[in-house]
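In what follows, chain A forms one complex with chain B and a second complex with chain C.
== the complex of A and B ==
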């Protein structure tokens, strides 16, 4: 609940800033119109950057994978001895 | 496989950073540079700064809708 208040207040602040920019015409009107599109583009860039960074430093642990495979083989052997059907490899 | 993932992530990061830098320069800094400066040669007219993202967004949204529709159709066929 608190998070949504934070986001909406941020949105309201940006809207107020934008409307002020549109009304006071410090910068030309055609430039002030670009602000929301600029925000959307930067949001998209941020998302893409986060995906890229997440892909780049995706944690892999090959040793753990080997240990897990060994464990699986061991468990299958154990269960086969007790007569439990675990299917073929 | 791991290296390919890493390369794709690196390429995505580079693309996003370069797009962000270019667009920031285009939209935020360029209005404060004189119109006859040579740097204006490297940027399209200002209207395209609005048109290109809007077109890209519409295209992305429609592709997403088409993809969702195809997936829903396929899942329905599988059930029947």
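== the complex of A and C ==
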């Protein structure tokens, strides 16, 4: 099944639930009207929170840059001895 | 599908496909590092060069003199024809039962190759993909803006696509050859989005995908090939994958 259909059916299910709430008036109608807005706002908050947390815990590896430089020096030396032209760049 | 591993008499062979364009220095360094880190393994390196004007192919020929023409294959194309077709081009000449795909700009370090191979052997996975976003992995050389875009893109993709892998746009991966052939034929995207389409399609097809942590050091030599329209391309790709997979 195409993924967009999955997401659409999820949305339709949520809408059906919402319309059900509106019709049966288990919660006051005025509150039920606002539920989609709450949903959108909380989705936005979730997104921002995930980006924020991801940014704070972003894994970095400054030591790797140093190790790579060592590897590059080693590789250049080896290749130069074998006659590979690694001088110009 | 498992018969290759069960048949102990036949050893696994890994074909490492590296597409290049103007990477004369980097390709030499990569080849050295691959040979340094893969000592006990049967492998070949397939360089798919898109007619680099900087003499990348001359360097590859010199490397063939050092390591042997059977270990390093130069399969050049006349001009820049895109990443996706570079992989299928390389694949045509691959003789291994596993294929590794990696970038030539040294942001993918060959020292992680043994962990890809080990992971595949332990789990029997069809695809092992490198991820930067777990402990043990990481990125170096990105500014705050780059990190923010990356996180935003990732959250968006995870929320909309549910792909089941943590790093969609990373392109350091090991594939079972038959799986790569299958997935690559159903992919239509170009460039940047191609990597994402490959892994999403593989995930949808139900292939067993495993992850290993890798570190990513942004390119040291040469200029980065990612343009300013990266974000737009990414969003288009995301929309395409939503309706197509």
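Just so it is clear, the second predicted complex is superposed on the first by the 66 of 89 C-alpha atoms of A that agree within 3 Å, B and C clash if a C-alpha of one lies under 4 Å from a C-alpha of the other, contacts with A are read in each partner's own complex, and residues count from 1 in each chain.
Here, a residue touches a chain if its C-beta (ideal position, glycine included) is under 8 Å from a C-beta of that chain, and two chains touch if they have at least 3 such contacts.
Quick caveat, the model's predicted, so the values are computed rather than measured.
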| item | value |
| --- | --- |
| Chain B versus chain C as contact partner of A:2, first or second or both or neither | second |
| First (chain B), second (chain C), both or neither touched by A:40 | first |
| Which superposed partner A:31 touches (first chain B, second chain C, both, neither) | first |
| Chain B versus chain C as contact partner of A:51, first or second or both or neither | both |
| Which of chain B and chain C A:60 touches, first, second, both or neither | both |
| Which of chain B and chain C A:20 touches, first, second, both or neither | neither |
| Residues of chain A that lie at the interface with chain B and also at the interface with chain C | 51, 54-55, 58, 60 |
| Complex interface listing, chain B residues touching chain A | 2, 5-6, 8-17, 19-20, 23-24, 27-28, 31, 46, 49-50, 53-54, 57 |
| Chain B-touching residues of chain A, taken from the complex the two chains share | 27-28, 30-31, 33-34, 37-38, 40-42, 44-46, 48-49, 51-58, 60 |
| Complex contacts: residues of chain C adjacent to chain A | 24-25, 28-29, 32-33, 36, 58-59, 62-63, 65-66, 106, 109, 132-135, 137-141, 147-148, 151-152, 154-156, 158-162, 204, 215-217, 220-222, 241-245 |
| Footprint of chain C on chain A - complex, ascending | 2-4, 7, 47, 50-51, 54-55, 58-62, 64-65, 68-69, 71-72, 74-76, 78-79, 82-86, 89 |
